[in-house]
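Have a look at these structures, which come just after this line.
You will see two complexes here that share chain A, one where it goes with chain B and one where it goes with chain C.
Entry: the complex of A and B
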């Protein structure tokens, strides 16, 4: 494997030594560009108490292009689709090389706290969210309970 | 190609604006561009006027404002006088009281926040008035990534709205060619304005053409099977490659666009397989299934209908009697097999043959055209020798005096291209009296093209020791033949246009 850019090494070191509260990210043993990530659902959101697993991959062009991030845990959210793909501006057009893994993960955590059904990725979820927000929130809570809360 | 030799000599009628041309068979008016001439003509030409109005603003800042306002200089001037601070802010320019000190600094002990590289030795960093410093390597990759969209590029720091001047972009990218951002901007503008602009479809040609007047994309609806070929917008690019502005394919006169589409699709679907099948398979004489014989004896049993027949004469195997391994019916097999080949099979064979007849001729002209292009290069070299030769004789000759050679090559290629498409045209034509007239016109053109091609072959032939002399000997014939090609091509196409419009030629699609 090609040598890892200094930028990635530094970011990884800092993620381990100075972790963001509520977020863990650890590189895989066989590929240091692949991270296993968990994000805690924000406490005042329907995702509270949930621990969501994600995968994050740094493409060769990183940091000139955004990391690829995907939810592995099932989640009921208007901006996250069935495959776990995330609709978030900083992961697409608004990416800047000055952003980092930690800032991206914080943005994702913030997205959990502030779903945006007006710019949906999962159209069916967004539809339900707009029609009956209370019901949608309770479904989101249900799913969190079912898929994101460890039973032991 | 040599700019001088290929200087446009197309005769523009006096009513046309500078740089505009009218298509040969109708009144479409177009303007061929290169990216460079386009940027100069449409973007940079607005700068002097702007500088006169706003002498207090620097050139770099004005260019950013102009791009921000989509090249409307009036807009820039009005906005600036309305509220200069607002315009500066929107364009990502520092306010008047701020120094716009974009700098390339050489500094020691620098850690770039993007790549995290620690530069202990002196290294160049770039920063805008915001003083956000990043190393040149990072700026280089950042700009290379962002430039494709053609939009103004901001400082790397996401919360910073300052814009990088065009001049600095070129410097960071370290390229010879200036105006990199304007190049991208123009490209994406052209790609988004396909009703008005089309790239030349010729291989390796990077120029494009603007349609100025008398063109309406709805006139020739691609799906609508319009037979009217008088309206086809044939334009040419700055390198004088002719193409159809409607379907963005090479000049395909006398064929209508929809016939070209059908033909190309047919060629892609059929040609390769058809060739192979023609050479390697027979149809079962009873059920017409295609059969490939990959070994074994000539006693065939169709896997589909179980019919037994002889591979050589396609006759019923039982009729072979005792002579199982020698086909005694080989010579008169024709009459025998006719009993078995039913009408439909014959028809499909005939239609395939017909297609192959036209396809072969189409393909031959296409490959000859590639040959002609090579010849063109060689003749070009010979031309240089010819020039030198003339100079030695102290005759003052200009490129104009050898213009006839490049004109002739051009005529040859134009003739071939038209000829090529006549075979596609003829393939879809219904038989009739006027088809014969068309075919004889085709013959005339074909003969002239081959005659001229032969002369060029003779000139560049390796055996020919005195190429220059041959050129001089043949000069008059070359000129006559090229004129003849152009006029015969013209009458062929004009004839086709008239006869199609009067419904004397009809398509069978």
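Entry: the complex of A and C
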């Protein structure tokens, strides 16, 4: 495996030494570009109390292109589809090399707190979200309870 | 539009000709292939195809000539391209004797891709002190390091991160979308050839960089053991002046001398190596156009709607990212200066005249600044070959340190954000001036694609409505059409026909490619035997 760029090493170190509250990210042992991530659902959102698993991969061109992030835990959200893919501008064209793993995960956490059904990825969810927001929120809560809250 | 059946029958006949013959097809067929290749074949509309088809048997000789002329022109163009590519990579070599203010004209090698910036322009900008030179980065920095410790680390720095930058030289060659195909297209062979060429070039460049590194090491060793110092190797004074208060580039997290480029909008630092990485996104349709329905989006896709926007600032997202650069107050060595980096001695503060500093910072009249600055440094560097270690270290360096910090903050405060077209601002488009060309070619490509799609679409419609044409097709198809003609299920037939046609087209293309390849091999053998 090619040597890891200093930036990735330093980011990893800083994630460990100065963790973000409500977010964990730890590199996998066999590939230091692959991170196992958990994000706590923001309180006051339908995802509160949930602990969502994600995977994050830093492509070769990182930081010149965005990390690849995906939800592993099922989630009911207009901007996250069945496969866990996330519709977020900073993960796409609005990526900037000045952003970091830390900031991108914070953005995702913020997205949980502020769903945007007008720019949907999961069309059916967005539709339901727009038609009956209260019902959608209760479904989101249900899913959170079912998939993202540890049973013990 | 009546040409479609003709095209159909032709492509069939060529299918047969190669099916029946393992040996190369007859002459008539050959010229047919050549004529077809001499039109931009892949994107030719069906009418163009038809034309070339009607010329098929008439103009064999003529088409032979034109195609060889085209080949000649093509190879000329290719040679020119290869030459430019080689120059580009040669320009990416870090050479210790090409230095500006203790930095170099080529990147250290932190990034291995995206090196397609215009190297000539960047070299000029660095020599003119309009962009910070490519400094060798420090991987780590600790304020508690003593000067001696820092110097030991600095003296061990290589010119280039060869191992990182060329790490995937071994892979990638086999990586191709066509790899799984049994019959590979001519384009595949062309791509492979190009890749091989590039790989060989990169190996050559890597070796050249290794040689350069070795020379650099030897010269440094020499300098340690004797007074016979090489003036092109930065003196310890210069190294300390540069690296004693390094800044961390917020993008690569590496430490650089504090004279980094500063973003025009939000005054954030960025090293030159990261700056040259930032470029426009590939041409793409505007965001409002992208609808969720893929088909819908495709139809709306008009070529001229492709856009390309100047990259935004990575820090504050202002559009049209650009930077400015202020030369360090007291360092002026290497290209464009009379002072060699090996002769540089730290200037005592009281020898430094405030006026010089001020003038130096002016963006215009750089030439004049250069002269003033030179004098300031030369006066203090008369005893060039003296000890490599600093003679009177502590107190002086501390005052210098603090003064340089002050001058940095002073300078930052002095400047407010600037417009993208303000003098002295270097934008990312300036170092990649070919963006417009890229946009045009992307648009052309899309236009050709659209034309092909329209042609296929139109011919399908025609086939659908025209029973005659389907009758001339394979028997099984006629059976299908007949039996289903009155049934409501004509949609299925349509699908079947489309699929058949696609298979035929694929067959035809692969045969043409195979012929091309054979022709090429023959030509090569001929050339060899001539030699």
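We take it that the second predicted complex is superposed on the first by the 152 of 152 C-alpha atoms of A that agree within 3 Å, B and C clash if a C-alpha of one lies under 4 Å from a C-alpha of the other, contacts with A are read in each partner's own complex, and residues count from 1 in each chain.
In this section, a contact is a pair of C-beta atoms (placed from the backbone, for glycine too) under 8 Å apart; a residue touches a chain by one contact, two chains touch by 3 or more.
All values derive from a computational prediction rather than experimental measurement.
**Q** Once the shared chain is lined up, is A:3 touching chain B (first), chain C (second), both, or neither of them?
**A** second
**Q** Quick one: classify A:20 as touching chain B (first), chain C (second), both or neither.
**A** neither
**Q** Just to be sure I read the superposition right, which of the two partners does A:64 touch: chain B = first, chain C = second, or both, or neither?
**A** both
**Q** Applying the document's definition of touch, where does A:139 land relative to chain B and chain C: first, second, both, or neither?
**A** neither
**Q** Going by the contact rule stated at the top, is it chain B or chain C that touches a larger number of residues on chain A?
**A** Counting contacted residues of chain A, the larger count belongs to C.
**Q** Quick check for you: in the superposed arrangement, does A:98 touch first (chain B), second (chain C), both or neither?
**A** In the superposed model, A:98 contacts both chain B and chain C.
**Q** Applying the document's definition of touch, where does A:32 land relative to chain B and chain C: first, second, both, or neither?
**A** neither
**Q** Which chain A residues come up in both lists, the one for chain B and the one for chain C?
**A** On chain A, the residues that contact chain B in one structure and chain C in the other are 5-7, 10, 61, 63-64, 94, 96-99.
**Q** Please name which positions on chain A make contact with chain C in the complex.
**A** 2-3, 5-7, 10-11, 60-61, 63-64, 93-94, 96-99, 120, 123
**Q** Report the residues of chain B in contact with chain A in the complex, numbered from low to high.
**A** On the chain B side, the touching residues are 113-117, 138, 141-142, 145, 156-158.
**Q** Show me the residue ranges of chain C that touch chain A in the complex, using the header's touch definition.
**A** Answer in residue numbers: 110-111, 113-114, 139, 163-164, 167-168, 250-254, 268, 274, 277-278, 281, 284, 287, 292, 312-315, 317.
**Q** Can you name the residues of chain A that touch chain B in the complex?
**A** Per the stated touch rule, the residues are 5-7, 9-10, 61, 63-65, 94, 96-99.
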